[in-house]
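Two complexes, one shared chain (subunit A), two partners (subunit B, subunit C).
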Partner chain A sequence: MRQLFSLLLLSLVALCFAPHASAADYHEQLVLRPLPLSALLASFNFRSNTTLSAFEAHNFRFFPRSLGQILQHAGTRELHLRFSLGRWDAESWGARPWEGAREGGTGVELWAWLEADTDEEADRKWRTLTNALSGLFCASLNFIDGTRTTRPVMSFQPEGNHPNSTMTNMHLLYGVLPHEVVCTENLTPFLKLLPCKGKAGIATLLDGHKLFDASWQSMAIDVRPVCPPGGECVLEMEQTIDMVLDIERSKRPRGNPIPRPPPAHELKCDTSKPYHSGDTCFPADYNANQDWSLSQIFGRTMKGTCPLTDPNVPPVCLQVPNSRGVYITGGATEKKNLDLVSRCYEIAPDTPEFEMVLPRPESNEESGQAAVVVQEVVKPETPLLYAERSFTGHGQEHGGVQTILRNPSPDTEVEFIYMETLPWFMRIYLHTIEARIEGQAGASKQDPLIQEVYYRPAVDRARGTQLEVRMRIPPASTVFLTYDFEKSILRYTEYPPDANRGFDVAAAVITILNPNPNPNATSPRFAAYNLRTTSLLCSLPTPDFSMPYNVIIFTSTAIALAFGGMFNIIVRRFVAANEGPEMTLTAVKERLRKRFGGFLQKYRGKADEKKSE
Partner chain B sequence: MSARRSLDIGALGGTSSSKATTDAAIAENVAPHAVIDETSGARKQPPPEKASDVRRRTYVILSFWLIVLLLGLPIWWRTTTIHRANLPLDEMLDWADGKACRPVFPLRISIQANSLQEQEAQNLLRLTQHALDDLNDFSGHHLRLQLSPPAAEESHHGDDGAALTIRLIPGESTTSTLDPYAPILDITYPPNSIPSPTSSSSSLATYVAGQLRSTFAEEQAIISFLLSNNSIPSEHRPQGLTPEAAESLSKRTTRSLKYAPTYHLTFSLFASGPLPSSWDIEAAIDEFMKPVLNVLTPIHNFTIDTQVQLYANPGVQSQILSKEDLSSFINAAEWPLSPSIGGAPTINFIVFVGNQTILTAPRETSETEGGLSTSQSWLVPQWGTVYLLSLPSDTAHVSAATLRQPLLTFTSHLLSLTGTPQSGSLPLRLSTLARIRSADLLLRASSTLGSLARLALALPSISIPGSVADGVSKTMTHLRLACETLGGPEGLAHARIAEAEAERAFFEKSMVGQLYFPDEHKLAVYLPLLGPVGVPLLMGLLNEIKAWRKRRRERAERGAEKKKE
Partner chain C sequence: MDGGKVTLGRTAGLYLGAAVLRLALFTLFPGLADLLTGRVEISTPVTSFKRLQEGLFLYDHNVSPYDGGVYHQAPLFLPLFSLLPSLPIFTYLLYIAVDILSAGALLKIADSGEAGSSALFTSPRREKRWSGFVIATVFLFNPFTIATCIGRSTSVFTTCAILHAIAKAVAGAPFGAMVALSFAAYLSMYPLLLLPPLLLLCYDRQPPESAIKPGVQSAATNILVVVGVLAALFQMSYFITGSWEFLPSTYGVQLTLSDLTPNIGLWWYFFIEMFDSFRSFFLAVFWLHLSCYVGGLTIRLRRQPLVVLTLLLGIFSIFKPYPSISDASLFLAMVPLYRHVFPLMRYTFVIAAVIMYTTFLGPAFYHLWIYAGSGNANFFYAITLVWGLGQSLLVCDLTFAVLRDEWEVERPEMVGKDIRQI
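And now, the complex of A and B:
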């Protein structure tokens, strides 16, 4: 049932977007979706097209020239770039936006299909691409070197329409920088790529202070060729920003950001509790009173619309039940959608400012709190799979990784590809890889959970481990995927600054395959849903960094001791104690007397003379 | 315990036992009671050392020192030495000083005189050459006349050897016209001005020489300016460059971009608001700019890209721009004008849609800007051009016709950005450009070589990898070839390669890597090792030398005693 629904939804989405792609060159849309627990998901989507002929003639209109040149220079056919921060809380927020296709693991993630005849040429182009993008987006993408680059086999499929002639010599390269801190300097170039910059339209709501203060955010850039049937091929660039804002946090005034407990009379209490009285209070669930306005949560109002945008696509949509009232500024019109849980706003082109206020729902005490909760926020969709990953193991040498994968569906099994790219200093023992269902001891023989493993071992200092596992999880069960690894010791110069913090290990990428493959078709199955685990922090044995000098001093001392002793033994002559030169205290005194005795005697002689006188 | 200690002490003093014995002897003489006080009883003399032991000790110390000197030092030397490839430093400095090459531009000028007798033509040519040589004070730039056979008239376009063709046509009076599309100078002459075979001067010859000189005056000035800016010995330099001329030339050279085989041209439409968002730039470029680009193709290649940028605020908001505002008008922080990737430099042509105008006092434009700045556009040296285009506020699309004036401005600015001379017909200007560029590249490559040589001399601790030496030798080969073929098309090609190789050699990455390796560092590494090891070695050697001298003295004394006996 669920598969059918998602399939329907997918085709619906495809149907909805296909005409737009060819009809207009640019459109943008903001979808606001209140989530449980006082969170709000804001999905910004900007899509600009350029015909392939104009792109090849270097005539750029909506497509940014700076990025276009890089793609041409590096022979890139399709590009996906992600900047992410934070963790998507699937337990309370449900399924990810865009079916997880527009997000990346923590840090920066880049994968691209490059056109090249040989692997070496692809590597060279990849280096060009990462270096150029690094300059464009002010990110350390140039650090994606051979050790951080992999060539995934099963996990990624091209999204665009590529002619078969180019498909044969397209190389997929994937690089990830889990340590990269995404910040404002990455947002500014991102906004510069938009035709309306950040000056008009929904992009005016994007503010670095709010975006990077979000509980979770992901900026994505996707470039792919799209050939609509019967139309001219276009190169489509999609820029997406998804962010989950904590409403309480966003509403704090910027000048006074320290959270303070609200005074007693402002406390919202759950009156349904039996112990509720004047002096006891159980705080009510936050989502019971989600009320906000655009300027409160984004810090500013929307400055009109971008005049270049496709007029058929409403710029702002809100996903709340139709029963809730929303106030908007004049010049905008509300259109409720048929699904009863979303509505969109058309904004007249000459509106200088657009503001939207979602007031607190009319709390009718008699109907009870629970009823309000259900009405108020659209219930989040359950994701197809939950995944958590953590470290096990002990000591400075023995490590282990455990991934807990849970299939929440009561009746459908989930088939997916689990991909890990590990740094070379985590040497995994592939024979220890094991998947077991919770409650069962060991893997069952007749129906193995692990269907297929693609493993490319690491080469020290040259490339990382690549592990792709195709798995199948039966309905309503939890699977533990574990493997062990050994931590290796790095060379002195290989440690980064602040090595004691640990080494970030990139998120595992889980690509859930479409559940009903055509059995006789050889074409690859589309990914139905993507998710990424959190990144891990692996602590390696860290040396004391004054080590080289200690080593120099220590070895020098050892050599000096050994050498000095040996040399003296060989060279010196050994005699009996009473035959050697006197070196006792008396002898020293004697020497002194011998040297200074003359003075002393003179002095004494003088004294004697005086006496005799 | 005490016995062992004294043994140690004995061992320590072992080599200097002879000194100790003499000390003890003196002590006995001076203070005999001190020895009596000794608790351990009377000190004995150590038994005399065997001669073989003494010899062995000498060998030990010598062999240690031999190992240190013959094995240790060379190993240390080899492992710590910096690889320095051999560079022909003297030759490089010669190039930089202009001693290796004397830039000479022999320009061949063919004269077509179909209506003249062979004899007459030869005579005229000789006289003209004579007049030219008299006029010319700059030996580097030399005009050579030659007579082209009359049959070659039809194929004069294919005659690539000559820089200019003079067509002598009989006419009413002496006039000259420069063909605007081909390197041809038409000179008409009255029939009576043909010099007789015996005359030693002719007004026609003088006239032709004067015309030629004025045609090539600018090229000559530029080349002599280039040479004077480099360290070319003064005897090759022309003298007749006035300070004003030099100043205007230096202005022009700073304005033009460094030579590159390829330039990226970026055409950008900037608008401060949302409109206009499209333009017919492709058609406009094809119509107004392509012809000039095609003509420039032998010297430069061009790649073109265009972009539209909306909501772009200029750096200066005021309605009327003064001259000072122009430098901050380009909002470098916000406008995406990043240079194109790839090695070639980018020339930016910006059309800014807005109603701003430039305030130009009439005096200012004519003098300080050299007439380049109109009230609509200005040229940014080595960067590009900005053109202010004012359009009705609701224009959504800029047509090719509207872009005519901006593109014509850009075209003329492109010529001055590439360093094309300003006078003469276009083909002449371009051939002059090729010569100027090859001279420029030649000088630049030479001076890079000189800098590299000086760097290698000034920093003895810098490593010089083999690739640098390769680059230098390649540069010098091509420089030599370029110097021989200067003025021709292959001269430009060689100079281009030489310059690229010289730059690559100079900016070799591995040269800068370990440039700084301070002495304190070395001390900190060597001292802990050399101190404890070196001191016993040194002391051993000193003691041994002392003992050896004593032995010799004793032997001498003994010899003297024997003699006495």
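And now, the complex of A and C:
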């Protein structure tokens, strides 16, 4: 009876909402792109829309109520949250997915536009927001305090469409936690925000064991208002997970996870090598490990489709050359795209499981290994800029930061904003900042590489350094951006328990400006490409943590010796060595004898009497 | 007359020699200046030349240098150094000139004979003294002074101002002395503690031809001068920086020790290891300890105010929040004025040995801690402790010698006899 009732209720609810919910309100898509060197990029994208009026009326359907209420409470107009791990290897994997827009630096990164009348109010709302998100995502976002918050001036611009009335009092705040270790406890709340909660659709492939085992992964949440021309404004929430899986590592059986060299008779050798012989072998399939199935790399198959998703958007796409054969389970249909390098799969709603197998390509082994690699994998796109950042110098006193920026394009100049948020205990010397082109001695005067600098120096224990540099790099050249800093020593309570590990320094954010932003487009992209360097580990001088008491005692003793010596000399009178009252050992003995001598004599006398008796 | 001329020529030669030596070090070893600038023994957070350059850079680019944690020096340095032509040679010349000005002031102090015979006390041993030339030579060729000059620490300006304040006071020009002291106090704050003995020195050295003013009145005038000059300097700083935020950033840092960069003093490691709840208490205790010597010494050595100034400079170079070898060099420049009491000192060998020992071992241990990683912070801390103890032994021993010298005026028969203190 109860079951029947609930069924009835369900259908009633479905009936109520059916006319309102247009199918375009939610869709999800997984794009798989094999990368060179046995890597696979998996991009999960979940997008849900809700109209602004419904949002204001607390009418949540696809938009998660927990997040929505936080945003409303903290006056957040636009929110971007990133959880990232690992390093994107641009040299071999090429350009980043989504042009780097859905990526964060190592750790947790959060930036948001808050509506507030004053800076203080914005700070208060920011604290509310970080504390609430900290609880929601099980991350230490509440540690984003004044020293980790900055207000970028040039690097970020709102992505959504904001009416001009709110635009004037919107405050951008940016916080970053490079030390935060992203893990399963952050993934679970992330999946809970999805309409299908990770129980159906592509989200079923997300397994913490695989996601956090990836070479690089980035989870992103973007909330922004979007106003399509002529339509009602909607609040768009986009959840993205990008990860680069090492196929060989993923295919390792769970029961036997320790990698061992294969036995010699199973080894495939590259016979084209000149030194190939019976006892010398260059492993042939090391770089070309491109046969896999969904269940191998994700540890499970896809459990059907999410019933709420827009059926017009194919849930799974694969970017391999059209010549490659792919096996799929029944119920799904393959649709090859016209660009010859991608295909998508539409899955019938009642398919219980979806599995995809990429067999080892029917390679003509005699034609050589190089040709096979080109066939299997779509050649990655060259990014607009390569960047790597490192520390220079040695010792725990002074240091330098060096960023190597390379513009690979042979004919286009690239203009970008380089932003660093540094902790206060790295005291940077801005007068030492220098940008020079590799191969040239100094910075050229007539065409400076550094166009504009925004700098907000750090204040001890209150505020971090914020440095934004607008730069321009001529085509096909490499630029070294360097500056010096000093490592300060902290109070012993300010060190973490693993003080000698060092302190994480957040990734530098590089925003490549769109050379010709189209102001007429619905949302003019301000950035053409984003990238982040890796985070750095800065080791500070450490005191000896074991001896606060000893130091207090030793220093106090030194001070007492100095003060006591001085006090003695100042206060006491001079006399000749044989003048004044004696206080030597003999004098004390003499005085003692006088006091107790008689008593001793008596006692001795008594003893003598007894003896004589 | 001839003798005077010869002395003048000799002095000019000394200055020239000192200037040439410094210029040679600047130019022949171009890396030396930056190397020494980075040494913690020479550059402290409140005197570092590199930080001054950073402050200057921010000032030239219209960013307030005090809205940050790097620049903690007086605002008047900013226009001074930004008016200098950007070639480094002008900076070198400025620092050399400041050193020579200091030596000139020291020469005047020594030649006045104030150390041996003040208004209220004349030492029986005063004949046995070094001339101003020797004392200026000891100052100018002291390796500590040279290293400070090459490291371009801004404490040389404070040194110069203090020496000029004393020289003016000895010359019977209280107004000049007070102005110079105000400059010193404006640049580094702690010289303000020298005011009581300096007032006494000014009072004692009033020129006999002018009407002797009563003590209270002259002290009040002089204090008013100091207050007035300091107020004018602060007002100028306010106009330069446009706000009062330089006050917490320059003097507040010295009071609260928010920057714990290692130096040769005793404060930094103590406040690194201090428990947070006791931090402000011990800051107050340390400052109280630093200033408590002023009253005691001024009263006990009322008859020799110059000795009080010397001893206080020694105490400051041990116990001030950010000491450097520049402070030690100032103290060591004043000590030879008391050549006549050197025979009364008891531990000269120990003191000299300890100072040499720490001078060589300090940089070595710092290297072991920071660069080699084979030592820890305690290595350098131990050396700063020994350095402090050695210097305090020197201060105590000098006090002892001066007091015994005073006592032997009352008891001439005790010269050379064993004595003790009760």
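Criterion: the second predicted complex is superposed on the first by the 512 of 613 C-alpha atoms of A that agree within 3 Å, B and C clash if a C-alpha of one lies under 4 Å from a C-alpha of the other, contacts with A are read in each partner's own complex, and residues count from 1 in each chain.
Quick note on the criterion: contacts are C-beta pairs under 8 Å (C-beta built on N, C-alpha and C of every residue); 3 or more make two chains touch, one makes a residue touch a chain.
Fair warning: this is a prediction, and the values are worked out from it, not measured in the lab.
In the superposition on chain A, contact is made by A:70 with subunit B only, not with subunit C. Of the two partner chains, neither subunit B nor subunit C is touched by A:157. In the superposed model, A:196 lies in contact with subunit B only, and not with subunit C. Looking at the shared chain after the overlay, A:402 reaches neither subunit B nor subunit C. Touch criterion not met for A:301: it reaches neither subunit B nor subunit C. When the two structures are aligned on the shared chain, A:460 is found in touch with subunit C, with no touch to subunit B.
Contacts of A:51 after superposition: neither subunit B nor subunit C is touched.
In the superposition on chain A, A:580 makes contact with both subunit B and subunit C.
Look at A:142: by the touch rule set out above, it reaches neither subunit B nor subunit C.
Shared interface residues of subunit A, touching subunit B in one complex and subunit C in the other, are 552, 555, 559, 561, 563, 567-568, 570, 572-577, 580-581. Contact residues on subunit A toward subunit C in their complex (touch as defined above): 394-398, 424, 427, 429-431, 455-461, 486, 488-493, 541-544, 547-548, 551-552, 554-555, 558-559, 561-563, 565-570, 572-577, 580-581. Subunit B meets subunit A in the complex at residues 3, 6-7, 9-17, 19-20, 23-24, 26-27, 30-31, 34, 37-38, 40-47, 49, 53, 57, 60-61, 64, 266, 274-275, 277-278, 281-282, 303-308, 310-312, 334, 336, 338, 340-342, 524-525, 528-529, 531-533, 536-537, 540. Only residues 57-62, 64-66, 68-70, 73, 128, 132, 135-136, 192, 195-197, 199-200, 306-308, 549, 552-553, 555-557, 559-561, 563-564, 567-568, 570-584, 586, 590-591, 593-594, 597 of subunit A touch subunit B when the two sit together in their complex.
Contact residues of subunit C toward subunit A in the complex are 38, 40, 50, 53-54, 56-58, 63, 67-70, 258-262, 266, 268-276, 289, 293, 296-297, 300, 315, 318-319, 369-371, 376-378, 381, 385, 388-389, 392-393, 395-396, 399-400, 403-404, 407, 411, 414, 417-422.
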